[in-house]
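First subunit A sits with subunit B, and in the next complex the same chain sits with subunit C.
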Partner chain A sequence: MMIPGTIYLIINNYIPMAGLVLAFKKFNYQFGMWKSPWNGFSNFKFLFMGSDAFNMIRNTIVYNIVFIVLGTILAIAVAIFLNAVPGNKSKKTYQTIILIPYLISIVIVSYIGFAFMSQESGFINNSLLKDNPVSWYTTPSVWPFILVFIHLWKSFGYNSIIYYATIIGIDPSLFEAAEIDGASKWRQVLHITLPSLKTTIITLTLLSIGRIFYSDFGLFYQVPMNSGPLIDVTNTIDTYVYRALLTLNDVGRSSAAGFLQSILGFVIVWLTNFVVKKVDKENALF
Partner chain B sequence: MNKTKKKVRPGIIAIHIIMIILCLLCIIPFLLIVISSITEEKTLLMNGYSFFPEKLSAYAYTYILSGNGGKILHGYAVSFGITVVGTVLSILMTLLYAYPLSRRDLPGRNIFAFFVFFTMLFRGGLVPSYMMWTQMFNIKNSYIALIVPNLLMNAFYIIMMRTYFSSTIPNELIEAAQIDGGSEMKILWKIITPLSKPMVATLGFMTVLGYWNDWMNGLYYITDATYYSIQNILNRMLLDIQFLSSAAATQLGTAADIAANIPSTGVRMSVAVIGLIPILIAYPFFQKYLIKGIMIGGVKG
Partner chain C sequence: MKKTSKIIALLLALVMCIGMLAGCGKSGDDSKGNDTPNTPSQGGETEGDTPEKETDVSKMPVVKFMGAAAGLYDNLDKVQAKLNEILAERYGIQCELHFEGFGSYTQQLNLMLTTAGEVDVFYVGGGPTTFVNNGMIYDITDLWENNASDEFKAMFPEAYIDANRVGGRLYAIPANVNFSNEILVHANKSMMDQMEIVPDDEKIWTLDEIHDLVVQAKETFPDIYGIAPQSKGTLVNQLNWESLGDPYNIGVVPDRGASRKVISITDCEEYIEFSKTMNQWYNEGLIMQDVLSTTESWSTLVPSGRAFCDFDAGAYPNGTTTEDSKFYNLTLYPNWSAANCAVRLGWGIAGNTKNPEAAFTLLQATYMDEDICNLLSYGIEGENYIVDENGKANFPEGVTLENDTWTLGFVAGWALPNFMGALPQYSSVDGHYDMIRAYDASAEQSGCMGVVFDSSNVADQYTACINAYNKYYAAILAGTLETETAIAQYKAELEASGEAEVIAEKQAQIDAKYGN
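Let's turn to the complex of A and B:
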């Protein structure tokens, strides 16, 4: 029974892991992945020659940290609001609607972005900023905000529902007792709800930290419409690897960057889990 | 407790207002592309995309449906095809892997579980995967490229399915079926799967989303536009303004002549809307499973 799945995982996941050795090879299409000659660390040397490497690693990490912090705060706030909404019907309706952005592909998100921000026909330039239109797709300074906004817009519903699931699992007698003691709603949130969310917050944050060297390729490539002038603020490890591999055909540098991503990603998952295990065994992932 | 009529507290109203604003924020952006797709082309060129256009027109849609959008309709069919085939295969493989994993009497259970779990911790990444799929398996420019890489099995889904099996299906049921002489295949198919319908629906819908929304496999492995799914067409149309006109030109004649007549500003948005519709139609039927799935999956990590 498990044969098809095992074979698939070996091919789809395990062979590429072994393929990471490419980072130390001088790739040659004639010899392929396994037989290309070794060339030590020279791919990495090339990778770190320009400023690209530091820039993309910094972008990836900084965006992720902002996403984690703001995303968690927003999701918890919405979950608490959702829980405070009286009536199951309105609760269901709100839940259903805030999930809609999560359902659609990032390509369609980029169309929405385009409809708002296009230079000639965008809604913002034509209806809101008629007198001094902004050339959004060539103005790097606004993109950190746009990308953070779009990320939060697309993901807050999903995360809120995870936190909401934890909130409805809290023993209701705790709230009843607090009510009798005359605790305000705010104090109840502060002293009952938030502490009960601790495990979920740690788990989700751990998972996000584990992915801190990864980015949503579509968000950073498709939404800014692959615009050259924006590259300083939109280049992440994933977009770099893609561009180096498929548009520049630079297997050496892209495999070196991919190697760093895989290894650092693994090390950081292991490390965060190790730290959590030391501090609080219950919350460790594995 | 208190017998007085429920007073509507100001706090509750404030919460409703906040939630309604959030919901509007989620919906309004879609309205812009929907309204733009039914705005007349000249109005679009003059006033841009707007929520309150001067003149409406269904021209973009008739343009696509009247045969000019051959590529678009074909891409739509491709998307449907890969979504159906991919989802069925994916659910089957997940069931087949998760069921033995849920059984306590499976020899080497921990090894098989770790085998799955490890794929979530460590990945080879794009470069080796790309080299493997294109050089060892030669899947470039084929429908297989849209179905197989990355999307067919998800470690997280396998673990969710396994947890569901082991926490909801009583062992006695399986034992009884074994005594009755049912083969393992039969037990999985006749007893386990019907009992797990909610989980199958949840993961099924998530997998459908994954396939319908996927554009990366197409971006990596497809260079021949005849294999494009609707997402790849959308991706190309946005990054490459010439794409739609050149696609139409090959069908209709001179490029310059066509480029002038193509209502590209509106057609773009109508294709985006068309790509959105199936998900929005399916969503109401699956939303309760999706929400449940997120709740189970999220809390368990």
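Let's turn to the complex of A and C:
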């Protein structure tokens, strides 16, 4: 039974790992991956140069933490509400509706955003802020909120369905017993639903933490329309690497960035799992 | 269960090691004899130099050609078949054509170049230096010396060929296009006609005159944008400062490179003054307010009449505006040849090509064989184009730019090796190519002609500076930020990113060619 899955993992996840050596090489297309000369850690240097190095690492981590915390709270809340909706038909309708944003391509999302925020023809400036139009694409201070909003809008449907699947698996007799004992809906959520979701929350959060040094390229590059004045708040490791190496075709430096992201992600997952293990051994991932 | 997991974990680790070793083996096969791969065979000692002319098509070497396309190339199979007929008969080679849109060209090319034999002849945008640093391009010095015909060698001035040398070795041939550009404003022709303004072709316009013109246009046509961006997110790319082909302008030489002294863009008087003027125009509402975030550029906005005008750099000799033109060209600064004019568009051979001689034969044919130039530009005669009564390429009956299946030459011939070797197209004035050559001959030459910046010695500082560039350069030049404050911030960030070292390196490269 495991064979197809294992083969898939080997081909897609293990064999390409050999490519990690590129992070330590000055890649030459004629010599190929193995014969290109080694150059130690010098490919990593560019990630820590300049005034923006701190900025992009901070942005990547802080945005991800906000996404994980708010995303989890929103997804669980929606899953609980979804469970409370009476009737199968309306449940399915809501499920489909909340899933739609997840299925929209980020490029389309960026144009929807532009339709709202364009300075000359955008909905907000033309209908809501007629007298005091805002130049959205040159005002960095509003973008942390816009990016968080768009991310949550796009992802909450998918995540809430995962939590919803767990909620419907909870033994109904627990809720019935609580109701007989006079527990309010809120008490039921607090003492039955949330504890039952604990394992799922831990697993999903650990998986998200593993990717805390990565970012959704489309969200941070396409949605702000790559506008220069916004870079301070929209620059993440991925967009920085893309912009810096766009014309240099530098395989070594790109690999170094990817290598660093995975190593740091691995260390953080390992540490978080270590803490989970200390607190609650049952729920640790490994 | 635990034991099984451990066994699987061990197996996976083992497979990873095997994967690495397997990779080693493959690489060895691919790069056989490639330890000094960039040295072509020396004069007459290889079998490639004295070939018996092969008559069996199946035994002819196949050269893979990769170009960047802005037009349509749906009729690829027929064009390739026709091309192979000519190649087999005249050159004893065969060819596989491959085109990729400009948006995905670089990515696709990089992927193809990682495997030997996937591509032989390719379009080199922006000069060969990066390709040389990454070992992607073949040293064609000896092929050029020994295999190029005298006519081919005479096609370009020696200085233009030299600009494509890195470390004294030649890596690319410039595309046969214009080598000088003027900085100008395209103004929508029909709006100008409605305002009853007929510009004098020879007039040099001032920014104040352009300002008044845009104000008049905005008053006459209140619903249009005044000035559209030159390219996506950029009001104007560059004016009269010399950047040595560096698209990020980290360190420039003002006044068309005259002083040969590199300074920071934030100290460049022209950059500062122009930005201040644009800031004033932006606040007056003359410039499209979404200039930084719009995904459209002048080429769609101005001809369609949604914007009145735009800044651009291009080759527009006097007398080339015709009845069919959609815009007038108002010259701001007369044409000049930048240091990188001969390397902006070029053609080279892949570093891991298996048959450099055959690749060079194809490269030469795409420049020198008129039938091949026509075929690559306009496709199949009678189907994709006809030769009209003026001897120009035109569309056959019922065929238009929208439904033609091969429009590379009609849309962006400059992306081909030698579109000026093909027929002129129907909309051009008589003698257009001669006018371009005369225009180039009259151009002011950059003081740093032929110096193309190689960033490899300061790559870390350069990449850090690019980040500051992305943040400020276009936004300041488009007038969207308060100029003095933004330039001060730009300056501080460039300095913190190691701009001084990039400037010193640029200066050293100029000094190496021209002395102190």
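Of note:
What we mean here is this: the second predicted complex is superposed on the first by the 230 of 286 C-alpha atoms of A that agree within 3 Å, B and C clash if a C-alpha of one lies under 4 Å from a C-alpha of the other, contacts with A are read in each partner's own complex, and residues count from 1 in each chain.
We take it that contacts are C-beta pairs under 8 Å (C-beta built on N, C-alpha and C of every residue); 3 or more make two chains touch, one makes a residue touch a chain.
Note that this is a predicted model, so its numbers are computed, not measured.
Judged by the touch definition given at the top, the superposed model places A:N235 against subunit C, while subunit B stays out of reach.
In the superposition on chain A, contact is made by A:I104 with subunit B only, not with subunit C.
When the two structures are aligned on the shared chain, A:W153 is found in touch with subunit B, with no touch to subunit C.
In the superposition on chain A, A:V251 makes contact with both subunit B and subunit C. Once the two complexes are overlaid on the shared chain, A:M225 sits against subunit B and subunit C alike. By the touch criterion defined above, A:E120 reaches both subunit B and subunit C. Set side by side, subunit B and subunit C differ in how many residues of subunit A they touch, and the one touching more is B. Once the two complexes are overlaid on the shared chain, A:W38 sits clear of subunit B and of subunit C alike.
Once chain A of one complex is fitted onto chain A of the other, the partner contacts of A:M17 extend to both subunit B and subunit C.
By the document's definition of touching, both partners, subunit B and subunit C, reach A:L9. The contact surfaces that subunit B and subunit C form on subunit A in the two complexes overlap at residues 2, 6, 9, 14-18, 27, 29, 32-33, 114, 118, 120-121, 225-226, 245, 251. Remark: subunit C residues 8, 12, 15-16, 19-20, 22-24, 27-28, 30-31, 34-35, 37-38, 106, 110, 113-114, 126, 130-131, 134-136, 225, 233, 247, 288-290, 292-295, 351-352, 455, 459-461, 463-468, 470-475, 480-481, 492-493, 496-498 touch subunit A in the complex.
Across the complex, subunit A is touched by residues 11-12, 15-16, 18-19, 22-23, 25-27, 29-30, 32-33, 36, 44-45, 47-51, 93-94, 96-97, 99-101, 112, 115-117, 119, 121-132, 135-136, 148-150, 152-153, 155, 158, 184-185, 188, 209, 212-216, 220, 231, 234-235, 238-239, 265, 268-269, 272, 275-276, 279-280, 283-284, 287, 290-291, 294-295, 298-299, 301 of subunit B.
Partner subunit C is touched in their complex by these residues of subunit A: 2, 6, 9-10, 14-18, 21, 27-35, 42, 45-46, 49-53, 114, 118-121, 135, 137-138, 224-229, 231-232, 235, 240, 243-245, 247-251, 253.
Put simply, subunit A touches subunit B in their complex at residues 1-2, 4-6, 8-9, 11-20, 22, 27, 29, 32-33, 78, 81-82, 84-86, 90, 93-101, 103-108, 110-112, 114-116, 118, 120-123, 125-127, 153, 157-158, 161-162, 164-166, 169, 185, 200, 203-204, 207, 210, 217-218, 222, 225-226, 238, 241-242, 245-246, 251, 254-255, 258-259, 261-262, 265-266, 269-270, 285-286.
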